[in-house]
Amino acid sequence: MTEAAFSQPASKASLSEQVLDKLLSGRGIWPAVPAIIVLSVVAVIPFVILLSLGFSDIVVSRGAIVSQTFSLSHLTNALTDPLYWTTFQRSLTLAINTTVLCLLFGYPVAYLFLIGGKWTRRLILILTIAPLLTSGIVRTYAWLVILGGRGVVNSTLMSLGLIDQPLRIMNTHWAVLIGMVQIHLPVMILPLIAVMSRHEGGLFEASANLGASRLGTLRTVILPLSAPGIGTGAALVFTLSYTTFVVPQLLGGGNYLNAATMIYEQVVFSLEWSKGSVSSLILMVTCLIVLVVIAMITNLFTRWTKGRDA
Amino acid sequence: MIKALRTASLGDILGIGLILFVAVFSLLLLIAPSVIVILISFDTRAFVSFPPEGFTLRWYAEVFEQTELVGAMWTSLKVGLMVTFLCIVLGVPTALACVRGKFRGTTALSVFVLVPHMVPGIVLGVAVLFAGALVGVSPSIWLQAISITVFIIAVMVRTVQSRLVRLDPSLEEAATNLGATSFQSLRTITFPLLLPAILAGAVFTFVEGFDNLSVAIFTHGFRDRPLPVELLALVQYTSSPLVAAVSGVQILLAILALVAVSMSVGLDKVNE
Amino acid sequence: MMQEKADLMYGSDIAAPVLSIGAVSKRFGSITVLQDCSLDVAEGEIVTLLGASGCGKTTLLRCIAGFWDAEQGAIEIDGRNVSGMPVNRRPVGVVFQSYALFPHLTVARNVGYGLRMRGVSRSEIEARVAEALDTVSLAEFADRYPAQLSGGQQQRVAVARVLVLQPRVLLLDEPFSALDAKLRGAMQVELRQLIKRLGLTAIFVTHDQEEALTMSDRIAVMRAGQIEQVAAPDTVFDHPSTAYVADFIGTSNFWDAEAGNGTVALPDGQTAQTDLSGKVQVMTRPHNLRVAPEGTSPWRGTVSFHRTVGALIEYHVDMPDGTTIQVAAMRQERASPVQAGAAVSLSVIDPSYCAVYPI
């Protein structure tokens, strides 16, 4: 028998390889440490600072913070300012409307994906993912073109003789809503597809086999099972539309103030950083509350349907 | 199909028909704006109007002649590449630690990485700007890159994680049994098998680095305006089809990226 | 004293074992998965760790391979303690249940992987890989990818991949479980012949007793982290050392009895030898019992069921106390089998093949 290969030592690894091996073989947290450091420094700490700024009076000089003293005034001012209330309420309404409309328009697409063949599915995926790879500005600009004075809508309506003067669609909250819905549609559709495809095949055929109509299958089987997808999609769309900046800015005109544009204005233009900080904090807290509500509703719905069939 | 129609009731047909109608309408809604924009980008007239007249590529040429636009595109390209690089270098080892790690905080680590992503982009941007002001770090291309990285790294980590979880752990065990060190096993077995997921993650992180506005708008320096910021200004002050041409370029790049991903990984995998 | 007891329980003494497992224990948190396991494996021997899932057989295998460390006890290969040795330096080759073939490498590169990690020259790798593939009759598949191979072929690649490194011990974790039943039998015989031909030492892990009985020189029956018995297949089958082993391997009949004075009375009137006294369990295999017309022995019952399996007739006989005794008889063309419902008497053919266990 030839010399056992195992008696041959493994090839000599370089020093750096040996060090790397030590760090990796322990199955410890080492590989993640650089990321943890970067995330703490660039996200966690700044966030804490943001918090602190909201609760202090600061003096800014030449782009740097010179002094900082504790104060609750910004918070109380914000909470008692009617402008804040209307602005946030507008953002909230817009976000909720967007979410609901995205759901109403997006769910049928997911359903089509479910019952569709290979090419239908491919087409849906391309149409849904491609917009996500372009920037928000590009997508919003398209609506500027469509809804503008000489845009698609008006030109078509005028050439058809239905109106004499261009409709003023731009710079209204309708324009913002339409733009928001179309732009965030993919974000609602993708999680729905992901969740639905996990359940596909047998379950739906079984239901049809048992005599349920297509509509019935949809109502009693597909809908409850896709609840987690609805929850995820709704959460994502809500967060994005609640905090979106571009669409209201471009489609809503200069006087349209929502939370994000207000923060932008406070931080970049009027340099009222403490105000900007408080606004950001309120934005985050309210967003979190709604997300929790969505999660609870989804949970309830899932449990209700599960319990009902038991 | 016919058989299905025969056995279905009228209410059934109407109901499903309505749903399918809405689905098709939504799909058209998704694509119509892009199509219109591309049509307009060929318009010969110097203002935006529909329907477009004539056909010219002059706006596309002008895109690459305007120095600020070109400069912004280069900046965005650089930011995109930096973000992708950082996400790979920081994110892949993190995914490895989350999935293969034997310490107590693996779930906590996963959640920790996700946190910056859950925060609205503008809030993160504002926070970074303020923190920078406190320590004297002013907005720059680096600040942009690092803040967007922190924002989007969760996507890379999650993509790699889900591929890693489905990778048979006995593959790495077999490699070690055959004589490989941990590092060798990672290099020769794990990494090559993770490559599709890393590429998919890279596409999304690059796109975010390139297209992000919410974080970049607060962290970009005066001299490094990324394309989205530049476009924002342009849109508000220009009325020529120039912006449509820029959009056309972006749409084309998006389609190319999609084709690349679908050929390497397959579109369905991306959606997980 | 301990050595003698160990010898008695664990089989004949072995000179210079290749693998020596000494009182190995392992815990996961508060659960003990291995308790005081000891086993010596001689050169060229095939031992099977046999047991139900959760008995610790895979755990023991992984401890030998080095994937897990034992808390107590020592594992020695060629007399050298490997407990501190990392996985990649141990002279063992593992064939995994899923084969763990690297999907992105060709068969040839899979087989050559270990050699490449050792910095062996390219030409030598080629030669050795060709030789290994020849040994498992897969030479023409060298450039295929694992996904293009059948289950049986994949298994052979997995075997070739470790063979090429000439390990001191071959460890195989349920290597046949992924194959369909028809293929399994043929591959078991083939693999055993290959291992014997190369003079390798191998440890199999399985829950399939037929596989164990086919493949092994010795079987180690495991249960709840302990080795119940280590012996040749015949010995384990004919003289199981505990009630669990008796029940696990083959079919068994149990009944309670009273022992004393070195004997225990059998229901048919005979006696069997035993050192135990007091309440005991007696076990015997179906083929050690005979069905006879009623009245020939005090051990009475009613046939409830019979079936013919190949050369044997299997009878299920209901006893007055509600238990069922299984009897296996050779088929006789002339005589017809005893019909269901018939009253019969049972008798033991050879009392020395009755095993007696404490209750």
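Lettered A, B and C in written order, each chain numbered from 1.
We adopt the following convention: a residue touches a chain if its C-beta (ideal position, glycine included) is under 8 Å from a C-beta of that chain, and two chains touch if they have at least 3 such contacts.
Note that the structure is predicted; figures quoted are calculated from it, not measured.
When chain centres are defined as mean Cα coordinates, C lies farthest from subunit B. Here the chain pair with the top count of touching C-beta pairs is A-B. Chain centres here are Cα means. That of subunit A falls 57 Å from that of subunit C.
If you average the Cα atoms of subunit A and of subunit B, the two centres end up 13 Å apart. The multi-chain contact residues of subunit B, meaning those touching 2 or more other chains, are 179, 181, 184.
Listed for subunit C are residues 86, 88-90, 114, 117-118, 165, each touching two or more other chains. Residues of subunit A in contact with two or more other chains: 10, 25. Chain contact summary for the complex, subunit B toward subunit A: residues 4, 8-9, 11-12, 15-16, 19-27, 29-34, 36-37, 40, 47-51, 86, 89-91, 93-94, 96-98, 100-103, 105, 109, 112-113, 115-116, 118-124, 126-134, 136, 138, 146-147, 149-150, 153, 179, 181-184, 186, 203, 207, 210-214, 217-218, 227-228, 231-232, 235-236, 243-244, 246-247, 250-251, 253-255, 257-258, 267-268, 270-272.
The residues of subunit B lying in touch with subunit C in their complex are 168, 170-171, 173-181, 184, 188-189, 192-193. On subunit C, the positions that touch subunit B within their shared complex are 65-67, 86-90, 92-94, 96-98, 100, 102-104, 113-114, 117-118, 161-162, 165. Within the complex formed with subunit B, the residues of subunit A that make contact are 10, 13, 17, 20-21, 24-25, 27-32, 34-36, 38-39, 42-47, 49-50, 53, 60, 63-65, 104-106, 108-109, 111-112, 122-146, 148, 150-152, 155-156, 182, 185-186, 190, 193-194, 197, 213-216, 218, 239, 242-246, 249-250, 260, 263-264, 267-268, 273, 276-277, 280, 283-284, 287.
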